[in-house]
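Can you read through this structure? Questions will come right after.
In order of appearance the chains are A, B and C, and numbering begins at 1 in each one.
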Amino acid sequence: MSVTPPTEDKGNGMTGSVEIDAGPLETRELNDQLRDLMLAGIQKVVIRNVCGQRYIGTRLYSPEHRKMEIEIFGTPGNDLAAFLYGHKITVHGNAQDGVGNTMDQGEIVVEGRAGDVLGFSMRGGKIFVRDNCGYRTALHMKEYEDKRPVLVIGGTSQDFMGEYMAGGIVILLDLYGQSHKGNFMGTGMHGGAIYLRGVVEKEQVGGQVEISPLDELDREILDRYVSEFVERFPDLCLSKEEILKDEFVKLAPKSKRPYSKIYAY
Amino acid sequence: MPRIRRELYNKEICACSIFGAMNRDGERFTGKGVMKAIANMHVRGNGLGGGFAAYGIYPEYKDYYAFHLMFTGNSPEAKRSAKIGFDAFLCENFDVVSDDEIPHSDEVVVSDPPLIWRYYVLPRKQGEEALLSDEDYIVKMVMHVNTKIENAHVFSSGKNMGCFKGVGYPEDIGEYFMLDKLYSAYTWTVHGRFPTNTQAWWGGAHPFSLLDTTVVHNGEISSYGTNRWYLEMYGYACTLQTDTEVIAYAVDLLMRRQSIPIEIVAKILAPPIWNSIDRMDEKEKKLLTTLRMVYGSLLMNGPFAIIIGQTGKMIGLTDRIRLRPITAATRGEMFYLSSEEASIRLISPVLDSVWTPNGGEPVVGELNNMRTVL
Amino acid sequence: MKSFVFPEFQIIRDEEKCGQCRGCERQCSFGTHTYDPLTDRLISDDYKCAGCQRCVIFCPKDAIVVRPTQSFYRPNASWSREKIEDLKKQAETGGVILTGCGNDKPFRIYWDHIVLNASQVTNPSIDPLREPMELRTFLGAKPDLMDIDSKGGDVEIKTKISPNLMVETPILFSAMSYGAISYNAFRSLATAAKQSGTFFNTGEGGLPKEMRQEFGKCAIVQVASGRFGIDAEYLNCASAVEIKVGQGAKPGIGGHLPGEKVSLEVAATRMIPVGTDAISPAPHHDIYSIEDLSMLITALKEATNYEKPISVKIAAVHNFAAIGSGIVRAGADIIAIDGLRGGTGAAPKAIRDNVGIPIELAISGLDRRLKNEGIRNRCSIIAAGGIRCSADVIKAIALGADAVYIGSAALIAMGCTLCQKCYTGKCNWGICTQDPRLSGRLNVDIASQRLSNLIHAWSHEISEMLGGMGINALESLRGNRDHLRGVGLHEWELEVLGIKGAGE
């Protein structure tokens, strides 16, 4: 572990950035160190040689709502930032399954692809993924009043995206020309919205889902989050206007009670 | 009429990690890399089983079937006596070219290892058996040994390939059999096990194999009862009480005996949903409907991710709704399959492409030139 | 001769509620209620009441209660009221006691002793509302090995596949003949089958000409021992042909449709003179041995140009496994096996209650016997005989059946209350009668909607239970006895069923 000299005093104790070599570390040891650093007031950590260690960012709850910035070089293991409570994590590489599992607040940026169950039960915060993601993305995502999670994917998702979705915003930009081939999108959806750049067939979405064009409010939402996406990935040299110029569709639930008629009372 | 005792088998359940690496030019490499990769996924197992399949490891004996035998028993004497029983049977039915104890390192701690022996053989068919093909003969003999000869178990029976497995973490099993020192293969598949039945036995570890087909499997097959009885009608004995067995036999039945290519086999084991089939064009729809109608009992239901090894091929496949993960990757001629991407990155930090295949769609790696191994 | 028998039902009328609308008098075909103008009251004759509950449901003031009378005799475990009174009736008439519906005696119901599995932890259960759940199944013969030719990307199946029935849900309507049931009831079954993607069985009464074009494709037509209504068009308009060798309610004996029920239309469909008794002989008189069956099966295949699966329906009796094996080897594509509790329009009570074995014990035995002989692929098994709910269906499939037939359950959906008086032809619900005044009460649109609702509800429940077991396609449950356990069963029963006891 090496410490670089403090760059700027933000007025609350040690503020330098710290480097950790995760090569020889097991999951538990790595997360022990991260927690110690957080409690010591460190606000930025760079972890190198990450290879499969799990739950990075999970053990960082503090009642004082401390915030850390973590940069990961390598391939983090499953459940990255599960239950994340306000920190910012950047992955310089691909992520695996379970990213942002039941995340509450904070931000995750993945410069690559993510695996299955991305943003599972996400309840706040933002996730930006540069490339594609796997199955069951945004499953049971939730929102409440102004606490609204956002997930922006640069590529596309595989089957069962937005299953049981109860709130939040998912945006799939299909920047790489693969078109949206996932099936069973939004089965059981009863809240929230999914925005897709491009088209989907009716057969690809669940019976409770309505495919509709965008309205003013939708365009404002897209404008805001596509800008943020473009900012997160400067190397892609994207233009927000170019992206928003194209056709988008919105997937939303037809009703809040999609299954009200199945029981015999 | 005497009462037949109900069969009270306990089905084992397999959660775990799988990994595969193949050099498509046929260049062989030691087990060191895959041992590192599977150790990286250590937390997915619980130390009660690990195993490897390796292809191309016996080039000097490539024309002979390499039988790997496990002799179990309560004591070294029991194990030796099981071997004697088996040897007698073997000499009657096969020509034995050479045999030796599979070398292992006594420094590695594993629990109660059986006596493990290797034989290079050719079939010696008698009478009506001459009508059988060599491979059908081998299958018949293997089923016989595994059901009838006590404490003797054939766990590998292909040419120029072999399985190494036992009770312990896979990296420990790899060290026990010295796979990083003694063997070079063009394909390695590995498995780390998390069984929920603590009475683990060496034969229950993966891979499961028959002739040159090996299977490592992560998941649980809820259709096991149905798959099992269907296969039993074709002469396969499901003795290992583990659901993975049915996959190996199904692959043997469909790919070897019926010469069905893997793309179609995948559509039998993990067919598309009827909803999708009904929307396809007439020809495709008819084919898939017929396959499901005839082979419905081989549909593998429940979560699974499997790596099938065969001479010259490595195949990854998941269940049709992808309840288990699998990541595929390539780097030059190397082709990787893994439960988690990080393990691939550990042995190959730079990759040309990485993706997660769709459920029910096989990922197939093949040797560029089969002649390098035949 | 004076009858010594007590009434089976007691009618209690709340005189305060009764508005003397005479609705009950109109509803009852047995003449139980009569209006007395002198006292301005309805008078009920308990002796005539069949206990069908029609007047109770339709009384606008809910003024009537009809309930079974308790036995008036001194309690006697061996000489039950039923035994005593049936004996007295026989003494009075010298006749055979007739009855309808299925076996009502307390034989052990194995369905209620079998429990299902659910997946937890090691295997996720599947949610049928959100993930695909497939109940589609194919009934017929399948080849053992297929010859598949694949060149480049082009795949071709060389093996010739036998004709199969495709059903969207494993529940079919059992054989109930037009004649035994009314035209409206029969048509309701056909309509619902068509709507729900399943099949109905014509029973031995034939298929009326006007229904053939619309409903032929969802019909399984029967060739029974009386060979009623069978012509080449009848055979070819259907999707499958079933040879009825026996049925669960009356194994070994034939059928008898009394002349009163042979109306003009029934006669036309069955091709016999109006008003004659329609007798179905006990055996098929051209099947005295298994090779004769083989001959008939082949004859039917010839008659239908080998385009339709041929089914053989048998009752579950002691050596069902051997018979079943013989039937498969004789060339049948489907075996329908009907158990002890199968229903009927008319049968001698002695036969209905004493002959045959419960279907639960037969399915597993037949499935395993066919597998042991390596011939299970050559046919599908349809189980019947007292399937009461979706749990019974799923247990039947796990035991080894491909699908089930429902008879009594379908009639109950249409209004039947199992009063067991079907043989009188006076069914107040319009189901088991040819009296147009009565059959007109059954509205085809409504009744077929009830039947479709039933299929829909059961299919959904089956999906939930399948998902709970971690299975999303029905073919993965067939014969998968691993997912069943027995509770409160003897060792031999567990063996026969081929399942473990709960906790094992």
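One rule holds in what follows: a contact is a pair of C-beta atoms (placed from the backbone, for glycine too) under 8 Å apart; a residue touches a chain by one contact, two chains touch by 3 or more.
Here the structure is a predicted model, which means the values were calculated and not measured.
Taken pairwise by the contact criterion, the protein chains are fully connected, each one touching every other.
Across the two interfaces under comparison, B-C and A-C, the one joined by more C-beta contacts turns out to be B-C. Computed from the mean C-alpha positions, the centre of subunit A lies at a distance of 37 Å from the centre of subunit B. Subunit B and subunit C have Cα centroids lying 47 Å from one another.
Distance between chain centres (mean CA atoms), subunit A to subunit C: 55 Å.
In subunit B, the residues touching two or more other chains are 275, 321. Shared interface positions of subunit C, defined as residues touching 2 or more other chains, are 131-132. Shown for subunit A are the residues in touch with two or more other chains, namely 160. Residue ranges on subunit A touching subunit B, taken from their complex, read 27, 50-52, 54, 74-78, 93-94, 96-97, 113, 115-116, 132, 134-135, 158-160, 183, 203. Partner subunit C is touched in their complex by these residues of subunit A: 160, 163-164, 184, 187-188, 206, 259, 262, 264. Within the complex, the subunit C residues that touch subunit A are 127, 129-132, 457, 460. Of all residues in subunit B, those touching subunit C in their complex are 3-4, 6, 8, 11, 13, 15, 196, 219-220, 222-226, 229-230, 232-234, 257-261, 264, 273-275, 287, 290, 292-297, 299-303, 321, 323.
Of all the residues in subunit C, the ones that touch subunit B in their complex are 119, 122-124, 126, 131-132, 134, 136-138, 142-148, 150, 155, 157, 161, 164, 371, 374, 376-377, 469-473, 475-483, 491-492, 494-495, 498, 500, 504.
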